[in-house]
Amino acid sequence: MSSRSYGRDPDGVRPTRIDPGFVPSATGSALITQGETRVICTASVEESVPRWMAGRGTGWVTAEYGMLPASTGERKARDVSKGRPDGRTVEIQRLIGRSLRGVIDFQALGERTVWLDCDVLTADGGTRCASITGAFVALDLACRRLIAEGKLAASPLNGSVAAISCGIVEGTPVVDLDYAEDSTAEVDANVVMTGDGGLIEVQATAERTPLSRAHLDDLLALAAVGIEHLRAVQEDAVAAAAS
Amino acid sequence: MSSRSYGRDPDGVRPTRIDPGFVPSATGSALITQGETRVICTASVEESVPRWMAGRGTGWVTAEYGMLPASTGERKARDVSKGRPDGRTVEIQRLIGRSLRGVIDFQALGERTVWLDCDVLTADGGTRCASITGAFVALDLACRRLIAEGKLAASPLNGSVAAISCGIVEGTPVVDLDYAEDSTAEVDANVVMTGDGGLIEVQATAERTPLSRAHLDDLLALAAVGIEHLRAVQEDAVAAAAS
Amino acid sequence: MSSRSYGRDPDGVRPTRIDPGFVPSATGSALITQGETRVICTASVEESVPRWMAGRGTGWVTAEYGMLPASTGERKARDVSKGRPDGRTVEIQRLIGRSLRGVIDFQALGERTVWLDCDVLTADGGTRCASITGAFVALDLACRRLIAEGKLAASPLNGSVAAISCGIVEGTPVVDLDYAEDSTAEVDANVVMTGDGGLIEVQATAERTPLSRAHLDDLLALAAVGIEHLRAVQEDAVAAAAS
Amino acid sequence: MSSRSYGRDPDGVRPTRIDPGFVPSATGSALITQGETRVICTASVEESVPRWMAGRGTGWVTAEYGMLPASTGERKARDVSKGRPDGRTVEIQRLIGRSLRGVIDFQALGERTVWLDCDVLTADGGTRCASITGAFVALDLACRRLIAEGKLAASPLNGSVAAISCGIVEGTPVVDLDYAEDSTAEVDANVVMTGDGGLIEVQATAERTPLSRAHLDDLLALAAVGIEHLRAVQEDAVAAAAS
Amino acid sequence: MSSRSYGRDPDGVRPTRIDPGFVPSATGSALITQGETRVICTASVEESVPRWMAGRGTGWVTAEYGMLPASTGERKARDVSKGRPDGRTVEIQRLIGRSLRGVIDFQALGERTVWLDCDVLTADGGTRCASITGAFVALDLACRRLIAEGKLAASPLNGSVAAISCGIVEGTPVVDLDYAEDSTAEVDANVVMTGDGGLIEVQATAERTPLSRAHLDDLLALAAVGIEHLRAVQEDAVAAAAS
Amino acid sequence: MSSRSYGRDPDGVRPTRIDPGFVPSATGSALITQGETRVICTASVEESVPRWMAGRGTGWVTAEYGMLPASTGERKARDVSKGRPDGRTVEIQRLIGRSLRGVIDFQALGERTVWLDCDVLTADGGTRCASITGAFVALDLACRRLIAEGKLAASPLNGSVAAISCGIVEGTPVVDLDYAEDSTAEVDANVVMTGDGGLIEVQATAERTPLSRAHLDDLLALAAVGIEHLRAVQEDAVAAAAS
């Protein structure tokens, strides 16, 4: 296999940092930087829920995802210029929403909606996973703010969640693919896990050659290690915000 | 666990039949009936490719998915009435397209596009998987027609593909969930495999409680058995069409 | 005149059958097959009316029409891909709605909406007329279901309705044109009549040469005979469903 | 029957005038005033045809229809505010286009498109028919301008066309309904005829009670007389423009 | 500088007339003709306000602007054909709305909305300014009608408003540019003023070379003179309508 | 007047900094921070021009503007969720485009397009002006990059441009209004000037009471001083990027 960016081994995650409070106007926010990929994540709280679930006393979490036009090498037209989000955007924001809903107790949240917005500043692979990892920090900070403001008695979060990509590149299972690796990978997977190792979502796609069960096991093992690392970065970010 | 429809065991697939040639105006077509779920699958061949890939001599396969308004108990508004496909539709048609592209040699297909249209006649769970299983038959028949018409020398298919849902219902791993099971499942997964057992796509989502690695292994094993069964139904349908 | 499909005389209707209950998830449904033209017709009942007519105790009937992409020889793009129904679709679904509203007593229907969905499986001319003829059966069956469920005391239908195309082809007035005839016709007409011979809608369009009054009379006479035939097919279908 | 506006008999057309050249920036134009209904009709010539018919040396005529928001008593929202023309608009502009295409020789027109725009200034019933009658004058004037500019050798028109509404109001067949009559009519029809009495389009719709053949004949006879009157008004307008 | 249309000096406004009551179905209306530019202006009153301001007892004024397709030399596609108003339209209708809101007392208007619709019949430069000048007359007439109908005790207008374009053409400051001047102007400005000389809106744009403060002062002086002239035309129109 | 943020006098600009190169994937970029308002500005170069100006050898500059949903206190829905940019967005991006086109020589730029994207990270008033000021730095850096890459021989910029808001707040003319001031201002203006003092665009809107000529002069004088200050910040940013 060709050498990996940042001199990484197959199980190496790119240097990752999470800056909490990056967007002060949001209830919670974080800028996640994972290698050359950077995503602005915000959590905005609205004191109501979609009409179809009003009156039940339970809350909702939903996500939107976008890419700044200059985030990729070649300018990417805004979704609005075509009048609707493209298919990839729809797929990604549904994944982010499901992932974060996996660790929140809607009863405890009460009848309010948290909007998670993930806007990609620069894209070098793994933006959907970085969005999930960063959005969790934004969501956690928003919950803490609601507690501090007396709107919630305790955190509605029943765990943490993070995500990482993995794949088979030139026959080798690797974790946290950058754009160059992603575009040549035979298999591309995204794994979302809770902080205590439960799977929230697994998506594996064989782009060229079918994937064997053995390789899938390798990928899941790599992902588990990577997510453990990201969990620590999330904890540091939340701790930094609190101090 | 409550008793399953058709008196099935956890590893039981609903009675499945595939009627080839259901839409004579299509190049290839099939009606797949899996329990109460029925999907019309057609393959239409267009002698050109999308502009961004023209001139390379290679082909393309793309899919669209729709539900007839009366396919579910309560009438479902047509996507066009909202001006765009909803998020679920987008996600499903992208999955169908990726799955079928996984078994076709674009070089051998030549510079033409195959459109796979999957329209749900009645929905009782598992429509996206039934669409993939049925669309493969439509695609296979379309390739055979192109060969018969002298447009292709040999089939561009390098294998077969089928899909099945599986999940954890009331704590038990089961395969081929109907709607009632799907709406109460703790974990919901869709597995796409080739006829010789390679994984094309795995999507597992924990709706309520995170999924353990052990349970994921159970689901993948159940899916493999189910897909082997569907592969036989596909082969019978193609054979029936040929005779 | 060239010979007609199915060896028909100018006043011959193509072999027609109506399969009731084709879509079990709908309140009422029918598959109408008229020569090579096949349309899936469903009636879905919603226990409310559009906002502008709420509170008056009267009901509403509305129709939507679509063509499966593979229903014509060359694939027809879905309306949703352009964000709106095309002009022909709009014109047709308005015609279907008006025709069926012509035989229903909205007071007797009560404050509910019946959605009639007509989806063309294969198109070989006359799809709008077949949609009306088939939709009547779906509507009738839906009313019978509402009576059986105790939601209605008596049928709100005050008659039956069917439709047939007619036109001038190579100078000769003919009924029930197939696609080949339709595309060369000098005059193209659609006639909607009640079971007892009243006109609900007449649409005649001269495509190439103006139409004389004498020829219009010929067309209306042909249509009356054709519709009488279709009325019998409708009655058989409803009877078959009831038995 | 109640007394009719302008003290008309059942066969009376409202006072009608056509002002040619009302929009000097158009190639041809006319303002038609029929009672309180006023429609601005323009013909704009584009020296090309839609892509699907390019290179054949033949022309095309197409129509668009709109209502100024204040044209009706209560303000009507612009179609653009909903992102698409409503169903009625689509139906009407297709009718106008078909009607005018009925009297033009596309070969003689040459490879150019004539756009007919009909914008309703005030609406008091019969706007679609007035649009056709006025659009013919705009089209005729545009053809004369093309001849004057040396772009055409002779007129591509092979006749004239006009339209009028008729219907059954309180049991009596009448012609040229105003809005009050139209909203209570049992049957509503629109008849498009050439100057020499050929039928181009007949549309009759029974709103409440089916229409008998005898009544349809009455309506067609009334329409023929009304259109003969409108034909004279058209001729005067064209003559006035020429002088 | 080249000679100006109508033999005007740099400070000359084109011959302007305002025909009140041009659209009888509107609450207030006017046709403004300024040289070859003609705009139909209507004021429609709706007895409610947008939801976000309901219940405060105050009113609202909003504007929409459109161009008839034939209003310019080459046919301009309708906004609806692209599904949304183009950028220029949006900018203009926002300007018209702001300008008219500048002279109305929303408290005195009461909880109702006035829609101002400005539809360009022929365009020869200055359509946005003519729209404002004409819309004021339509609004004034609508207010007078509301008073006459007893819906308002006194006029909610606290002044009058008119607008005129000015610019630098071939180095010379001029007022009321026609299309030919507008398309070669180095600087293009629109000035909206009240009848007693207050500025409501100033928009100056340097198209080619930056504008000096001295030249801006020249433009504002020219505009003041032009608007005084338009104010007299407005007064005559309102007086004519009243008599 | 109430005390101003940052203890400013009426002619005081908020603390402003421009971070060049904030988005490394863009050809040129800058993050401008003006008080609590922050805007990400990028310049992306495309080696082609819109079709209507192709083949002339001249270039084009266009701008798009967006607000991140969390940039304001209450979450602002993405434009794409409504299918089109709202009126304010359209107005602003047209202003940004015109302003930057005012200082570039399209002949010297050659047949390429520069896309300027301004995305608001946090909004506290003056976002359109900050966008212009920041976009100029992004554009300047992009031109320098094109020169460094040998694509341009010399800079196509013929000056610099910056913008600032001003207005009348509680009767006093002030510069650089924050959100609180902006929402209570009687008059709101935006002034765009070149580095050597030429006016590119002036937009003044009286929200409540008309503006006198004397006050307009005050505002233009304040703006000139503010822009001189911003010009220095721009120069420092470009110098920092170059070193």
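Per-chain residue numbering starts at 1, and chain names A, B, C, D, E and F are given in the order in which the chains are listed.
Convention: a residue touches a chain if its C-beta (ideal position, glycine included) is under 8 Å from a C-beta of that chain, and two chains touch if they have at least 3 such contacts.
What you are looking at is a predicted structure, and each value in this text was computed from that prediction instead of being measured.
Among the other chains, E has the CA centre that is most remote from the centre of chain B. In summary, the interface at A-F recurs among the listed pairs E-F, B-C or C-D; the equivalent pair, sharing over half of its contacts by residue number, is B-C. One inter-chain figure worth recording: chain A and chain D are separated by 59 Å, centre to centre, where each centre is the mean of the chain's CA atoms. In this assembly, the C-alpha centroid of chain B lies 51 Å from the C-alpha centroid of chain F. Separating the CA-averaged centres of chain A and chain B is a span of 28 Å.
The multi-chain contact residues of chain D, meaning those touching 2 or more other chains, are 83-84. Starting at chain E and proceeding toward chain F, the closed ring of contacting chains reads E, F, A, B, C, D.
Those residues of chain F whose C-beta lies close enough to touch chain E in the complex are 83-84, 87-88, 90-91, 93-94, 98, 102, 159, 193-194, 198-206, 209-213, 216, 220.
Interface of chain F with chain A (complex): residues 23-26, 29, 36, 40, 42-44, 46, 64, 66, 68-75, 78-81, 83-85, 115, 117, 119, 121-123.
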